[in-house]
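Look for chain A in each of the two complexes below; its partner is chain B in the first and chain C in the second.
Up next is the complex of A and B:
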């Protein structure tokens, strides 16, 4: 466990080096947040009756998406791992005295947390003091907020679990770009990153409920605003735990199978 | 003329090299198709739920969406070299371009070409076709010319932004991700009619970066909603060309200021 913790810490510190990139990200996210909110406001101006989520809740949803983008986006790629698999340097990883699954998992977790810290620390104070309709609201109760934090962390574990499956798939496909792009596009759509889940048509919402992606972004953000009440949120956290268990177990099994048939080609 | 020949031999070279990884190429092209497809699907779902957007119908917004996405994907195909320019500066490879007796612009344009972006292009073309079939526009030569001009000048704006931020690499050496606000952000914003936004957004994207001139304003003419001389609305997209000219001039200035990283 200590080994994983230090991998995590190293990655965290490496991520903190890229401060200019983080600044650019902040500007981008603020701009996107404003554009999305203005579009929703225009739609709500004469159609608010047909909405299943209030405008303030939707604005909160939009900001949380932008603020925590680094935690939840699927197209984030660690080219180092791809490189290891494709070049055969995976051999070195196999010599390490700890399991590869846990090692990579900790590494990805650290990267995402570092990236996210550089985003939400500066962004939160900005969006909390924006003029009225644009401001990020507060959660209705302490219980909602606590559940939101828990759900966000569990969502992160799900995202990393899914991305581990993407990395492991490279053992078979040997070319990461195409397949990861397809999974990322589908996953982000089903997570409510393109259109918020409550605004999707009913049949699509039913489908989304059976996939893991919604639990990474849509669920924690609606817990924050109270759109998902506390009791229902607690049940949702149990579902999240189930997904984490399934994804980790499946990933670890798949990786052990992949490694058993890996042949390192000298050189 | 030889600039064109050089450019096309660059293209055929890049095409053959990208086709070496055929499965990955096809999957990437498909992925490029589905990225804007997901955005368009959510546009459809929003209209299905809310009916209309401040007086705009689904197919009208689809036309606006198609124009800006087509312009973006064409610009990304051609001007990708400028988008990726920071890598040429960081590695010092730009020195090699300078010693060749050809224009730097042609060489940078030819350094990259993303054939996978045809997926995105195809998606835009399908949306355009769907919108045009369903909109009751009385087509005439003037309107067709305006539509072509809108897309072409939209390409100029995106290309201008790519060139402008590539030029900044001469001073900063590293790439500036803020460019994404104007390329990706501009695309996201301009896929809806500009009048739904707050005034500061409208003003900025009409007079500073003229997305509104290639999209929203001439669209009013196409849909017969414009009040005022038609010729003014038709000529509006040319603002995109006006935007590109200073970008290219700044590029020339930048090339003269270039100091190699030496690596």
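Up next is the complex of A and C:
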């Protein structure tokens, strides 16, 4: 356990040194946040009365998406791990006395948390004091907020579980481009990053409920705004736990299979 | 300490002839060739030995190291190292070995060397006291003091290699596998690395298995050579034994006053002649060196003479030739 904590810490430290990337991220996220919100405002002003989510909730949803982007985006990738597999440097990871799955999982967690910290710390105060329609609202109750935090963390575990599958696929494909692109495009859509899940047609929402992606982004953000009430949220957390278990078990099994047939690239 | 019995390992390699037509064909039917990286390799190594593992490129050296360090699973054969089968109880086994891959890096590129070391300390669960004393010993003998705080990307290759070796030894392994540890190093760093390996072996009794293409590494370090070619073990013995097999021949290089024609010396073979320099080869088993030299002085005006035994490099090439690899 100490090894995993240690690699997590080192990766976190490493991620925290990219200040310029953080500034660029802040500007990008504010820009996209405003654009999306303006689009939704125009959309609601022109008679989307039947929508199942109201505008302030949707604005909150949009800001949370932007602020925690690093935690939830699937195309965020650690080239170091791809490099390890493709160049054969994985040889070193294999002669360490700990499981590779946990080791990489901890690394990815650290990296994402560092990236997210660099964004939400400066972004939160900004979006909390914006003028009215654009402002990020507060959660309706302490319970909602606590559940939101829990759901966000579990969502992160799901995202890392899914991205581990992308990394493992490189053992077969030897190129990260295809798997990242496929999972990222499909996953972002199903996570409600393109169209918020509450605005999707009913049949699509049903389909999305059976995939893991929605539980990473859509679910925690709606818990925050109270759009998903506390009781329903608690049940959702249980579903998240189930997905974490499934993804980790499947990933670990797949990795052990991959390693048994490993060829160390490049002599 | 290390026992290999009949280890074989083969890889499936996709094969394709060049050209667009072939590329299209390969889309539908792919041809594979089986490359036998190791064929029925057996040997045993005792505690405290330094063994040089040599062979041409692609002979199977690195594959053997990877099998012995638990990274690759062989197709056949058994391997017992300190009571473990490396690939079966990998995580338990790797605690007691250290591995250096000269062409790869285990240090974190963007952080100071010491951060990588601290991480390894946690990964191997090294006790604080052991870590301190090992680190102090390595820092001193490998002269790491000035570079421990420097990010790895700013180190020279020689500095980095010394750190890599230190990183592999922090947990005090009993066996050290070195896969081309001196590749690309300058003379000073090479000597430093060699001296360190020797000290480690003598003082801590660490068993060392090293692969290299630099025969002076082998000469300086290894009492015993294992030679592998095309996946088969071809030679297992000491350098001295190898010398006595090929070593009766001596090369004489003579600088002399300009002469009209090449000297003719019975019992010696002329290798080259340039007017002012003559190179001869003499088999000392059949001809006495003194006779050859006295015949030589009768014909030309000597300025300088040097006599060399055949370098290990050439013996190795000859061994390769003998086995047609």
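Just so it is clear, the second predicted complex is superposed on the first by the 264 of 267 C-alpha atoms of A that agree within 3 Å, B and C clash if a C-alpha of one lies under 4 Å from a C-alpha of the other, contacts with A are read in each partner's own complex, and residues count from 1 in each chain.
Here is the rule we go by: contacts are C-beta pairs under 8 Å (C-beta built on N, C-alpha and C of every residue); 3 or more make two chains touch, one makes a residue touch a chain.
From a predicted model like this one, the values you see are computed outputs, not experimental measurements.
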{"item": "Clash or fit, chain B versus chain C on superposed chain A", "value": "fit"}
{"item": "Partner chain(s) touched by A:132 [first = chain B, second = chain C, both, neither]", "value": "neither"}
{"item": "Partner chain(s) touched by A:178 [first = chain B, second = chain C, both, neither]", "value": "first"}
{"item": "First, second, both or neither for A:45, with chain B first and chain C second", "value": "first"}
{"item": "Contacts of A:189 with chain B and chain C, given as first, second, both or neither", "value": "first"}
{"item": "First (chain B), second (chain C), both or neither touched by A:231", "value": "neither"}
{"item": "Which of chain B and chain C A:95 touches, first, second, both or neither", "value": "second"}
{"item": "Which superposed partner A:27 touches (first chain B, second chain C, both, neither)", "value": "first"}
{"item": "Superposed arrangement, angle subtended at the Cα centre of chain A by chain B and chain C, nearest 10 degrees", "value": "90"}
{"item": "Chain A residues touched by each partner, larger count belonging to chain B or chain C", "value": "B"}
{"item": "Minimum distance between Cα atoms of chain B and chain C in the superposition (Å)", "value": "10"}
{"item": "Intersection of chain A interface sets (partners chain B, chain C)", "value": "none"}
{"item": "Chain B residues touching chain A - in the complex, by the definition given at the top", "value": "21, 23-28, 30-32, 34-35, 38-39, 41-42, 45-46, 48-54, 174, 176-178, 180-181, 184-185, 188-189, 192, 196-198, 201"}
{"item": "Interfacial residue positions of chain A with respect to chain B in the complex", "value": "20-21, 24-25, 27-28, 31-32, 34-35, 38-39, 42-47, 50-51, 175, 177-179, 181-182, 185-186, 188-189, 194-195, 199-201, 204"}
{"item": "Of chain A, residues touching chain C in the complex", "value": "2-3, 5-7, 10, 13-14, 17, 87-89, 91-92, 94-99, 260, 262-264, 266-267"}
{"item": "Complex interface listing, chain C residues touching chain A", "value": "11, 58, 62, 66, 69-73, 90-92, 94-95, 97, 99, 101, 103-106, 108, 110-111, 115, 118-119, 122-125"}
